[in-house]
Amino acid sequence: MTNENKKIETRKTNSLFFDVLIEKFFLIVGLTSLFILFTIMVFLIKEGIPLFKTVGVSDFIFGKEWYPTSDNPRFGIFPLILSSLYITIIASLIAIPLSLSVAIYISELAGSTVKEIVKPLIEIIASIPSVIIGFFGMVVVAPFLIEHFDVDSGLNLFNASLMLSFMVIPTIASISEDAISSVPMSLKEASYALGANRWETIIHIVIPASLSGIWTAIILGISRIIGETMIVLMVAGGATIIPSSLFDPVRPLTSNIAAEMAEAAVGGVHYRALFAIGIMLFILTFIFNLIADYLSNKYKFKMN
Amino acid sequence: MKRKSELIQMTGFFLIRTGTFIVIAFLFLMLGYIFTKGISAISWGFLTEMPRNEMTKGGILPAIVGTFYLMIGASLISIPVGIITAIYLTEYAKSPKVVKIIRLGINNLAGVPSVVFGLFGLSLFVIFLEFGTSILAGSLTLGLLNLPVIIRSTEEALHVVPGTYREASLSLGATKWQTIYKIIIPNALPGIMTGIMLSLGRAAGETAPVMFTAAAFYTPDLPVSVFNEVMALPYHIYVMATAGTHIQATRHLQYGTAIVLISLVLTLNMAGLILRYRFRKKMK
Amino acid sequence: MNDKIIVKDVSFFYGNNQAIKDINLSAEQNSVLALIGPSGCGKSTFLRCINRMNDIIPATRMTGEILIDQDSIYSPKYDVTTLRRRVGMVFQKSNPFPKSIFDNIAYGLKINGVKDKYEIENTVEKSLKSTALWDEVKDRLNKSAMGLSGGQQQRLCIARTIAVQPEVILMDEPASALDPISTQKIEELIQELKKNYTIIIVTHNMQQAARVSDYTAFFYMGELIEINKTEKIFTKPDKIMTENYITGKFG
Amino acid sequence: MLTHLEMDLEQIKIKIFRMADYAMEAVTSSVSALKNSDTVLAEFIVKNDEEINRLEIEIDDECIKFLVTRQPAASDLRFILAMLKINTDLERIADLASNIAKETIRINGAPLIKPLIDIPRMSEIAVKMINTAFISITEKNVEKAKSVIEMDREIDELNTQIYRELFTYMGESSKNISQSLSLINVAKSLERVGDHTKNIAERAVYYIQGEEIRHQKPKV
Amino acid sequence: MLTHLEMDLEQIKIKIFRMADYAMEAVTSSVSALKNSDTVLAEFIVKNDEEINRLEIEIDDECIKFLVTRQPAASDLRFILAMLKINTDLERIADLASNIAKETIRINGAPLIKPLIDIPRMSEIAVKMINTAFISITEKNVEKAKSVIEMDREIDELNTQIYRELFTYMGESSKNISQSLSLINVAKSLERVGDHTKNIAERAVYYIQGEEIRHQKPKV
Amino acid sequence: MNDKIIVKDVSFFYGNNQAIKDINLSAEQNSVLALIGPSGCGKSTFLRCINRMNDIIPATRMTGEILIDQDSIYSPKYDVTTLRRRVGMVFQKSNPFPKSIFDNIAYGLKINGVKDKYEIENTVEKSLKSTALWDEVKDRLNKSAMGLSGGQQQRLCIARTIAVQPEVILMDEPASALDPISTQKIEELIQELKKNYTIIIVTHNMQQAARVSDYTAFFYMGELIEINKTEKIFTKPDKIMTENYITGKFG
């Protein structure tokens, strides 16, 4: 006994020192993300802020004309902002109900086999690169719109919104579905046990109980819509006008950056203006993410 | 009274089923369309040859290779940093405040639009650090872009490992690192792998950041150094579909490239999903 | 005889796995029947047959007949939501809805078509009083039910159940997740409730069965080994299996 | 508000007190029947013993039920255990009273050979002992319980005294033998009532302070 | 392999059997001391009673411990309850044996007025009763337990017989009175040993079949 | 005196919230000490002070002193991993590692530097035997431990703990998640183990405390109300609070 004891007793004191070392190292690496976020801000500001030496802030934001390369360049991004706004609203209006249908379907209606098929399918959509969706919008949806809706160009506000909504549906659906499925079975059973049917249970118990999770999903979805570049670049049409119809071509903020970066001279005013748009996007999505973060924390708290 | 609620229930279920059907139908429509249109373009040569005749003929080898380089480059950054960050957050960080701040940073990093990442990569790596438009700059940008994906899925995987395992291991006299290394990481491994797969898929499909930092419309040769420009599949599709001189003539090549890209991304994701599915099942 | 519930030849299958086998028993009106037996012996399954809660589990099958007040509850013309209102259920883990205390109780009324605000308020108060919870919560009816302690939550769940005026209350280990003091309160409550309801309770705790019930049924491997007056079961059971289980000489 | 547990305990207490009342009543009446040569009363006492037997079984059952359902500990357990044993003692006391009544029946109205003074005195003390023992239970008063044990001495002494007296009587005339034996028997019975009451008091002490005081002083 | 629960029960059983052995031994010896006018043995018996008292408390304590720790039900509970009461009866039986021994001491070697035949017979029956009662417990044999109750009749009859006989003796000569009273007392004590053994048997029946058979026939 | 563990003036704080207050007690070698008390009274917290398991919870603080074999375990020179090897712990929910049965037990040996294969095999067998598990699992040592039943898992966890030869075993409600039969087996096991180990067990179940322990400590609101021989606590406690708790007359 004592003999064996000794064997166990001769342990590795150096492993303790190793432990401390590892912890320190991990801390430093752990701070990388913060450092990156900070660096992004620094570089966006460094490249973008000097714009405002030549262009006033309100001219920039509320200016209705965007002629970066003309002899008398004007850098008003108001049409771009409105384009982004409209696209976001319309895409959300399409995406949210569909996503919630999918989420409720998967978590509440589908049998286990169907569920095991549909859920991966939705996750497949999530992984399809946006350039593919944009490509599809260009080569299939646009001609379809021209043919059936009597519009001049199939690349327009509506097409972009449609494609964007298709892109975010999996995001919203799967986060909402997580929230809905994490409503404990016991709550549903309690509701059934009181004589409620499935629909009443879904509407009165399940959805309210998962509401903040669903909100998180929606906010994150919207944030993704605002930030998406390739789809709008390919199917929004690219006109810097203030849209007046669903089928007007538009140019949202992101696609503007992507479209013009190549031709903007490094360090020039145009270049800085594009970075300034980047700053706007950064701030905008930052705010949305804070909201989503807040909501999901609140949600976590509730479920405990 | 009960009749009425049954009626409401039927209507509600009908709407939900319809919505789901629309979404699924759209997916099949899209994939089906692209595959039927593009399958004829796929051949061994398409995958292994250099493009010819201003890219109206030949294959897409450089784009495939470029995408692989970018994926690998991005992983070299994001995997170690991501996993270590996740381990730090779940296992080491003591102060809830620090965790909260770091996690907030990660969430926001995840929310930064990819085009903004592109801008950042452009200004920092391409211009400031003078890497030029290159594999290096692109990989770094994609790596940072992917960091939150890896961190989150690793964190999730670590969280799923029951706290009781930690306690059990510690209570047997294990040190913290022994516990992490011998108990926690092995148990979380499938979950971590999931994150890696998903992030690879994402790296392969991202266009906007690559566009600014790494991608060339056309390179005659395969890259030989990390400071070379490369072609990349998504950018290739975009350019051919919007900016080429022979947009209509190369349609079937565009479809073909789309199929290759989709297959690549879906394979990676599928692998990730299967791993995750197994992992979750095991953890239950 | 005043048998509220009569169970005839009931078997239940999860897929091909038979969880309970040819159960025959009856439960007297205004009495407490306790179901005891080792884990996995089918107590919960049997309980959930009585309000057809097993209906919601796919790939399951029941044979036999259950009568409540002489009506066969599995007959096609028996409405399952009506059944569940008449046969309330309280679960092992307290599961209040993440709503206010008031709404938790009002919910059952609303889905059962009660619209009159005054009536709802009245019933909420009555139910909370009969679960001895009123004094503890009357000043915070609009606060979330999640803020209550475990024992209070469980009593709220009982209040929620009796608000829809069931006749039978099924309880599946209602106190097993509670501390002794809360457990005691629940047991006291069961004693009170039996004046107005017929109660069937599943419990792992034999002493609890002994304390609260009038009749005890001992299940083993899906079979009903013995049902008898509780006192009889605990001092002089008829079956040797019961004796062994009761005295802890099992296995 | 009483909990169900407390109500159950109360129930048992009420019954055992009723039983004590019966026992005291039986002792008092049996001696007064003897004194007044009241054969009818004596017969009634013998008959009534059955009622007490019934009550004994009832109390035992309730105690067992309490043990099974309540799993009592500490004072509750001590209470139940004390009641289980006190119950037996009380039943025995009632038996002894009925023995006394049977002697009365045997004497069957014959004139008593001497005026009864000490025997009623014994029965008074015995009843007082029972009463005090039960008060000690209600009041959880150990001192009172211990005083019962003291009183038992008095009864024992009176018994010895009566025995001597009657022994003398018997020697004086063989006519006296039969009745003397009966009276010795009665005195002996009362002495045993005292013994059982002493037991009750000892059990009361156990209930109240959880201490065993049985057999601390050698028994008489 | 025995569980700890079974071991605890076995422990209690062993002690109560030892107690029963003591009691039987005491009864046998007390009567043989009387028969042989063996005052030394009688004194030893009186002294030894303390040992039995100690054992009684020990058994009670173990039963209580068992109740507290094991929360017994069904047969285990019935066993413990039976033991708690049987324990009291055994202690009382030993007490009665010590009473008999005290009478021997009182007679103090004086020649016996008649050869003892019925009293040893009574003690034999009593011991056999005790023995049978405990066998019935070991074998869980209700019939044996009930036979004990039958045997009690014999003892009662012998007692009545002895009483009559001695009553006659006392009438014949007043010299006989003192010893006769002692012998009546001894017989009475043995009769009570029978009574307590009957109780033990009744409790054995309760333990074995969970049925109350006390007071089913009116007591003698 | 042979006090294995001596606790002096121990207080413990979660942030500003004091969970236990000035606890003083000692535990005898080769005895079982049971900690009882209502939920949240600090039993688990106290238990986890003894193997410094609370160290891993951030923002906590302990004051006072705990001595094991006269050594102050909170002194800076006392190595916490050595402590935890000497003071094993078994948790409420069985938590075997998702490894084979063999590896579950071998793990503790390996991390403690035991490399000899033969020694490891030997110890695994010995530990499984002393938890009465050997016969049940000897043919499936290389199968996953997750395939065992709840009660077997819990015994495996005990085996895993004793494999590293602790001197003290802490158990935090080790049987509360088990059915009565498995519970009984664990209780039997505790009785056996105390021959070689000093055991401290937290339990909600007073009867369990009564059954398995030699000494019982009653905690209330973070304070140690009474510690005494178990028999004494359950038949004649010194403190009225203990009496009330034991007899269920609380609150």
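We call the chains A, B, C, D, E and F, going by the order they appear; numbering starts again at 1 in every chain.
Going forward, a residue touches a chain if its C-beta (ideal position, glycine included) is under 8 Å from a C-beta of that chain, and two chains touch if they have at least 3 such contacts.
The structure presented is a predicted model; accordingly, all values stated were derived computationally and were not measured.
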Could you tell me the least number of steps, going only between chains that touch, from chain A to chain E? 2
Can you tell me the C-alpha superposition angle of chain C onto chain F, nearest 5°? 180
By number of C-beta pairs in contact, which two chains lead? A-B
Equivalent interface positions on chain D and chain E, same or different at half: same
As a quick test, compute the distance in whole Å between the mean CA positions of chain B and chain E. 91
Chain centres from averaged Cα atoms put chain B and chain C apart, in whole Å, by 50
Nearest whole angstrom, what separates the Cα centre of chain A from the Cα centre of chain F? 49
Among chain D residues, those touching two or more other chains are 3, 64, 68, 70-71, 73, 77
Multi-chain contact sites of chain F, meaning residues that touch two or more partners: 81-82, 85, 112, 164, 184, 206-207, 210, 234-235, 248
Residue ranges of chain A touching at least 2 other chains are 16, 197, 200
Would you pull the chain F residues touching chain B in the complex into a rising list? 51, 53, 56, 58-59, 81-82, 84-85, 88-89, 91, 93, 95-98, 107-108, 111-112, 157, 160-161, 164
Give the list of chain E residues in touch with chain D in this complex. 49-50, 53-54, 56-57, 60-61, 64, 67-68, 71, 73, 77, 81, 84-85, 88, 95, 167, 170-171, 174, 177-178, 181, 184, 188, 212, 214-215, 218-219
For chain C, which residues are in contact with chain D within the complex? 184, 187-188, 191, 207, 210-211, 230-231, 234-235
Residue positions on chain D within touch of chain F in the complex are 3, 5-6, 70-78, 209-211
Name, in rising order, each residue of chain C that touches chain F in their complex. 38-39, 150, 179-181, 184, 204, 206-207, 248, 250-251
